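There are two complexes below, and they share chain A, which is joined by chain B in the first and by chain C in the second.
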Partner chain A sequence: MADSDANTIVSLNNIGKHFGKVKALDNVSIDIKEGEIFALLGPSGCGKSTLLRIISGFENPTEGELLLDGKDMTRTAPNKRPVNMVFQSYAVFPHMSVADNVGYGLKMDKLLVDEITTRVDTALAQVHLDQFKHRMPDQLSGGQKQRVALARALVKQPRVLLLDEPLSALDAKLRDAMRLELVKLQETVGVTFIIVTHDQSEALAMADRVAVLEAGKLRQVDTPTALYNHPVDAFVADFIGKVHTFDVQHIERQDNHVRVTSDELGELTLPLNKLPERISTGAQVNASSVLAFRPEALKVNLANEPTASTASTETNQANEIQLPGFLGDIAFQGQHSIVEITRGDKPSVSAIVDHSSLSALQTQPIGTPIVARCALSDLMLLPAQ
Partner chain B sequence: MKANTKKPFEYSRKWSLRLVFLTTMVFLYAPIIVLVVFSFNNSRRGGNVIWKGFTTKYYGKAFANEELMLAFANSMTIAVTSTIISVFLGAMTAIFLWRFRFPFKPLAEGLVSLPIIIPEICMGVSLAMFFSSLDLWTSGDTPWPFNLSNIILAHITFSFPFAAMVIRTRLQNFNREMEEAAKDLGASEYRVFRDILLPHMRPGLIAAALLTFTLSLDDFVITFFTSGPNTVTFPVKIYSMVRFSITPEINAASTILIVLTLLLTFAALRYQRITDISNDG
Partner chain C sequence: MSLENYRQQPAVFAAFAAPTLIWLLLFFIAPLGIIWLYSFGENVSLVDIETTWTLDNYARIFQPEVLVLLWRSLWIAGISTLVCLVIAYPVALVIATAHPDKKPWLLLLIMLPFWTNLLIRTYALLNILGTRGRLNDVLGWLWETTNTLLTKFGLGEFQLIGESFTPLKFLGTPGGVIFGIVYVSLPFAILPIYSSLERLDKSYLEASLDLGAGQWRTFYHVLLPLTAAGVVTAGIITFIPALGQFLTPDLLGRGQVDMIANVIERQFKRANDWPFGSALSLFLLYITFVLLAVRSFYDARKAHRS
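Presenting the complex of A and B:
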């Protein structure tokens, strides 16, 4: 999480990639810094794997340039780049022993046998496979094969290690352990990691910074906390965690605040800093914006007055919005519970509630009138796209 | 896998099905068994189906028959040479068809495998006409083994499509990430081929070699059309001996050919099974 430009190690400048008429990547620019874990995150088909293949050299971009360590490597062959990759299928060579697999890259560099042996041993120790040196790949488990692939890439001492969906083929328990281990390994070796993943929790847990891609376009590059708390648009907000959105009909910028009109939430006055740059302002209706909040921003109380029949009249008090509704299912999650709030024919919302607020709700039957409240400061005003 | 799956139907319980199975087996193998048994018959005439006692003298006679042994040497030379060239060509074709995209690829694939389905007699006639029209026939005084080149060329023509098919099947389950991983680790195209692709292809190459060797060894029709008086192969020689008279010597010679073919086929199947198992794991 360094801040100066001096230690940018991978620089993607206006990268575009077209497969025939399909634009897999469109004008993507990212600077990745030395020593960080950087995640490329997005739904399948967003272009994140193509981007990784451009960095590794297996694809050439149609437009733009790629700088590795300040040198233009846009069209350099994969075997001439100071980067190594851990493949999704691990691609461990089946006819070579673990040691031969790990030593293969060094053999290609024409190193002396003694040096290869020493470095292979070190690399295998790093991934805790020293005992498996002479095994053949078909005698290894999936997790062990992945360690071989890791050691094989790291032994080359690359400037950047690329990992393509490193945890997707592991079972849930092993995945959590490996997630931690990868982060620890990165701290030990200090190599820049670029991880491709479609799993947002994986990206948030491991990465120092995350790039969110969608349909070939870069949506946002930021730290996991910034992505979660300050998403640039509704797509990022929805992809990073759960979010409830409400269409906005009108936005008007005033002296030191913004007036937002929403059919459902009524007229709200928000501080000016809630207005993202990308939303055009003025007296014009801007239908492509939404108001959004996360489930944990909601506070749930029993409705004081029995005004359930007038559920559609959401009042707008000074510093919070109120959503009247009815108690739905409660899903117990351990430390907290997810409470569903049904709202007649409107889409229901969910709230994350801790134990203290839960006890009051648990005793009530389903359908009890309740009110969910969200502070205005927890509201996000976001471009819909 | 096979051992664990339950039989879909209990065929063996129905006596009618058992009868059909038995008849099929008798129909298929009785002639071959009779041929092998009567190669040990102590009778002057092979056509005489009366058992006159056990002997191995006709094997000795067959091995002492110079013309038959020359035909055998011819057959082996042709089989070895055409196998090596067929497997090489087949491997090249398979890699080409597997690796590259080009216009009319389905057509090219069809054309490569066409010799497999063309009737042998047509192949034989067309090859004979081809060699004649281009004046490619080896003359009678060409030294051995170059006088066999017509037959070798003919055998390559009909057997390399089989080799290509077997190797292509093997290539189909190659994980392209292996190749990329090797390149990523610094391997050149040549090293990728030598270190990664070739070891993967090896079982396919061996299976293809065994298959084309067997095909070449026992081919009669195409060989008959492309052989001259001095270039007789083992099957063609047996045929001419049969026309002269059927003796137990022919039975013995045929038995040798059967045993050779069986051994090679078993080896091919065994090798294929070993590699299949190692692929599953």
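Presenting the complex of A and C:
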């Protein structure tokens, strides 16, 4: 663990949490850096919310330790931690005005009335709620309540701001606006944000780094681009965006390349760097694996149409895989379209196609034979689990 | 036809509503009307009452001996209600925060006394609160033990806790009556508070802790204000029946702590003064109406503000 790193603000070391016989978290270690937006991402029940509640102090871990600013706070009461939380339900006190809600934490810190007023005004200005100071919460919209919750947490000048599914209760349009605004707010105040979300697009769009959790285990911590382009396994690849996978029967490591045999894709020779550490250490290859590619890696052509690659079959064949199939539905998405390629009794695949390639396909009836190609460099070899 | 629009079918609606309406009319509205007429009447013979629209019966309520009784009923009911609320809140909190598997059992424990006849429960209290009752037995044992200990430490000669144990008098004192009323009313106080705690979003409490308040300040600034409606309901639901308590002051008060209901009973029986009894009964009802009106006034004002 890099807990000597001066930059680390939250250090989760081997955190485990058991609820009776259920292991909600299993040996999770993450270091979160000062000033970053960090997302805890995973499907529901993966333990991400429990992890957030351990950082805020509402749950105590069964195992492991939590360091905040280098100090052990594993069992410190929530009101004694330099972190504040924006709750999923916002939890804006319904019996207090907006200003009283925001000032509540400062009142609890026994600050002078004048200072409370000044800081509340500043915090409300930050979230553009200066006009709503004297309103009661039931006169506010969902988005405004969330701003109150944000201001109420930020006014305490926490070292870390925890946000539990901050956008899930907002409607789609407001969600996109609030996403941007949260990132801008974080840039202004400079506080470390830890965001819990089940929405991968939200995590990828907002966070500097993302931790992917599944069934209480940490799968991968990385930047959004690294997660997308270099997922550590099939679960992460599938959770971060869409991916098509093909079972692999045999992997053989040779001098400077890997030979991969798949029933569907045939025998392929991949460069050595495609072989992840988790599949093989040394010459022994035993973990069950899959070959995977993302829909945007597929190029779609009509079956009889000559392409650059078929023109010089001998030289290029080894550089790509070909999936013959039939044209299925085309879903228009604006800048691009999603083309479905049906393959008889095999699972169909989809390809993301831009306007220029689309025009040739659009005129064809459904069921026209087509070929989808994927460059070997776009293939990923991943552990199945 | 859905369940909601049965009201648009007059025949169906009548079929549903009629039994209740007839029952209410025959056994509630009609007797109340008779009592109302009696309250403006005069005894003309031992058994006959003539409605003369006199206001004498109401005027008699304001004579000092009746006012004393009314005042006593009010403060005994008031203190009983306060004691109930103070005991009920923590109990309700324990049930509301208990493990979901245990909740039904804890609620059952609260409801259990209801399944025993009120008279039997009150007689049981007589046995406990009597001069030679169980409570005094325990207090006497405590006195003996303390006295033996003091003697052992050579302090016996100072008589620090008195020369001998004198049993405390509970029966025939307001304390005994309040004890009885609290015992009978407690479930009525617990349940509304429990249901308001149960409905409360727990993240309000977590938010308060998160913002730096301790458990006590969270209770005072967040939990109590957010469950105030439940507490008020519990208070009203306890206070109104307590005000009209008859059996408890009769048995535990030994005729020395009469409340207004005991006087009403006497008018209908020994005093054979039905008109005055009727006027007193209705007066009690009016007090209740005023309380409920005040409550809905506050509710309406609160609703208007938000």
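Assume the second predicted complex is superposed on the first by the 362 of 385 C-alpha atoms of A that agree within 3 Å, B and C clash if a C-alpha of one lies under 4 Å from a C-alpha of the other, contacts with A are read in each partner's own complex, and residues count from 1 in each chain.
Here is the rule we go by: contacts are C-beta pairs under 8 Å (C-beta built on N, C-alpha and C of every residue); 3 or more make two chains touch, one makes a residue touch a chain.
Bear in mind that the values here come from a model prediction, so they are computed numbers and not experimental data.
Participant: What does the overlay on chain A give for chain B and chain C, a clash or a fit?
Facilitator: Once chain A is superposed (C-alpha atoms), there is a clash between chain B and chain C.
Participant: In the overlay, answer first, second, both or neither for which of chain B and chain C A:D138 touches.
Facilitator: In the superposed model, A:D138 contacts both chain B and chain C.
Participant: After superposition on the shared chain, which partner residues are touched by A:D329: those of chain B (first), chain C (second), both, or neither?
Facilitator: neither
Participant: Scan A:D130 for contacts with chain B and chain C and give back first, second, both or neither.
Facilitator: In the superposition, A:D130 touches no partner, neither chain B nor chain C.
Participant: Taking the superposition on A as described, I'd like to know which of chain B and chain C A:A91 touches: first, second, both or neither.
Facilitator: A:A91 sits against chain B and chain C alike.
Participant: Should A:D171 be classified as contacting the first partner (chain B), the second (chain C), both, or neither?
Facilitator: neither
Participant: From the superposed pair, tell me which chain A residues show up as contacts to chain B and also as contacts to chain C.
Facilitator: On chain A, the overlap between the chain B and chain C contacts is residues 56-58, 77-79, 84-85, 87-89, 91, 93-95, 104-105, 108-109, 138, 149, 152-153, 156.
Participant: How about chain C: which of its residues touch chain A in the complex?
Facilitator: Where chain C meets chain A, its residues are 201, 203-204, 206-214, 217, 221-222, 225-226, 305-306.
Participant: Can you tell me which positions in chain A touch chain B when the two form their complex?
Facilitator: 56-58, 77-79, 83-85, 87-89, 91, 93-95, 104-105, 108-109, 138, 149, 152-153, 156
Participant: Show me the residue ranges of chain B that touch chain A in the complex, using the header's touch definition.
Facilitator: Listed in rising order, the residues of chain B that touch chain A are 175, 177-178, 180-188, 191, 195-196, 199-200, 278, 281.
Participant: Which residues of chain A touch chain C once you look at their complex with the stated criterion?
Facilitator: 56-58, 77-79, 84-85, 87-89, 91, 93-95, 104-105, 108-109, 136, 138-139, 149, 152-153, 156
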